[in-house]
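Below is the structure I would like to discuss, written out as structure tokens.
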Amino acid sequence: MADVVDKNEPEIPLEELRLMFTRQDGFMKTLGADIIDIGPGTATVRMAVSKDHLNFNGSCHGGCIFALADCAFGVSSNTHGVMAAGIDAHITYQAAAYVGEILTARSREISRSRKIATYRIEVESENNGLIASFTGTVYIIGIPHSPEAR
Amino acid sequence: MADVVDKNEPEIPLEELRLMFTRQDGFMKTLGADIIDIGPGTATVRMAVSKDHLNFNGSCHGGCIFALADCAFGVSSNTHGVMAAGIDAHITYQAAAYVGEILTARSREISRSRKIATYRIEVESENNGLIASFTGTVYIIGIPHSPEAR
Amino acid sequence: MADVVDKNEPEIPLEELRLMFTRQDGFMKTLGADIIDIGPGTATVRMAVSKDHLNFNGSCHGGCIFALADCAFGVSSNTHGVMAAGIDAHITYQAAAYVGEILTARSREISRSRKIATYRIEVESENNGLIASFTGTVYIIGIPHSPEAR
Amino acid sequence: MADVVDKNEPEIPLEELRLMFTRQDGFMKTLGADIIDIGPGTATVRMAVSKDHLNFNGSCHGGCIFALADCAFGVSSNTHGVMAAGIDAHITYQAAAYVGEILTARSREISRSRKIATYRIEVESENNGLIASFTGTVYIIGIPHSPEAR
């Protein structure tokens, strides 16, 4: 949806944004998740399931699967150079994931107006197909991201 | 909703369930969250926000707030002695949370049939009121939780 | 949440708003739904289930139950005198409803900031308890409702 | 996802199902919506926006847009020959729709297990692109649809 992006938004190179988000995001470190790709309105975040991610029934915690998707959601919605904050999110769980599986969350923008944008994220397992489907909406605060200011 | 609970469900004392869930849940440890209360269809889970929970904009990560609520959801939906698995969840974010705030997620059952149950969870900050509202639904697998079997 | 309402919002008497919304809402007429109560951030909408509301399996259509809840959502979020538009909504279905049942949807505001507000709506059947639970969020456009201008 | 469909499910020809659903669905008639296509796990439902579908702000009611999507959801989830009932649904609104626009809701199955299936529905306007995005989950009751039995 690059055509609807405000042309006046400050332009920080996407690779610089990726490094900045990686450096500054404590929760992504806690999860052990990495931003492996970033584009205008898109992001891919990856994580290997370990015992630190399991629930008491022995599979990857639903909250952890959501958190991975939410990382991709947060990154993709902040790629236009200005801050955006989550308003709401919905997830459906399609299959369980277990220790050793590599989970990849891919986010893409499905709409973006001046103040509101919506994203769809799929979480997939390398060996096991679709794990979860996520839809999230942000409010575009509009304050520029600035490496210097941070 | 104790009146709709299957009378034939195995009865494990709630305090024993709480200890078992605490011991076996790796992701709750990763989050630094504790089950502080458990009842039939209810659970309270608490966490102090640290820098390990922050997003790249400096507030508690939306995925982390969801994860805390999801811990309460998961525990409350498994208090009837049989396994339940999340089908879907929805969250709305009401306010940001910052380092040092104590977040408490309280879950209660709003309906429970033989195979499906739905829960409402509020996440509140000790000093700052409502942070997020969460609604989640489980499919009741029905396999008994068993300390011996685990 | 009257304390968070912008003091500068134009004040149209609530009963006048109720009559204006009733008169202007074609879809509420199509549903056969009535606004039976309105307050600051709240609304109650009621409907009797007829054969015009049934799905092909013979119970009240899920889309119809949502629509009733959405009427209460829309009215309650527009009670502060300025226009608000739905961003997203989530519903869980707790029980089926049948011809002859009276369904009541009650909406209340759980948060309201300058630009975003969130509402919880319960749909209940007179004889049959909780039918559905709904959570919806609006973007506050901020243009005043004006009887003259319409 | 035809590969995961239970091979033992009774087979009613899809065109017969389409006619049966059309004949029996009172709410679809109330909306003025038509099932224009049906396949295994898919459905397309169409509606022209009239003044009977408007909210008090003059655009197509959010509850009506949801209802149209929900018709496609309900039909697509019942194409496997056995009854399914909605558990939950989530919608995001991408753009407003006005009198005279033709809205088309297309549903497709994104997962189906023995008891749970999830669907994605997009509502699009002929002239105006994406109007709404919908995700819904059903519980598969498993009782066969039977024209004779009805």
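Letters are used for the chains, namely A, B, C and D, taken in the order the chains are written, and counting of residues starts over at 1 for each.
One rule holds for everything that comes next: contacts are C-beta pairs under 8 Å (C-beta built on N, C-alpha and C of every residue); 3 or more make two chains touch, one makes a residue touch a chain.
Just so it is clear, the structure is predicted and the values come from calculations on it, not from any experiment.
With contact taken as defined at the outset, chain A and chain D are each touched by B, C. Distance between Cα centroids is largest for the pairing of chain C with A. Two chain pairs, B-C and C-D, are weighed by contacting C-beta pairs, with C-D ahead. Centroids built from CA atoms put chain D at 32 Å from chain B.
Between the CA-based centres of chain C and chain D the separation comes to 23 Å, rounded to the whole angstrom.
Between the CA-based centres of chain B and chain C the separation comes to 29 Å, rounded to the whole angstrom. Residue positions of chain D touching 2 or more other chains, listed in rising order: 87-88, 90, 92, 118, 137.
For chain D in complex with chain C, the touching residues are 20-21, 24-31, 50-58, 60-64, 66-71, 73-74, 78, 83, 85-93, 96. Listed in rising order, the residues of chain A touching chain C in the complex are 87-88, 90, 115-116, 118, 137, 139.
By the touch criterion given at the top, residues 90, 92, 94-95, 110-111, 118, 120, 130, 133, 135, 137 of chain A touch chain D in their complex.
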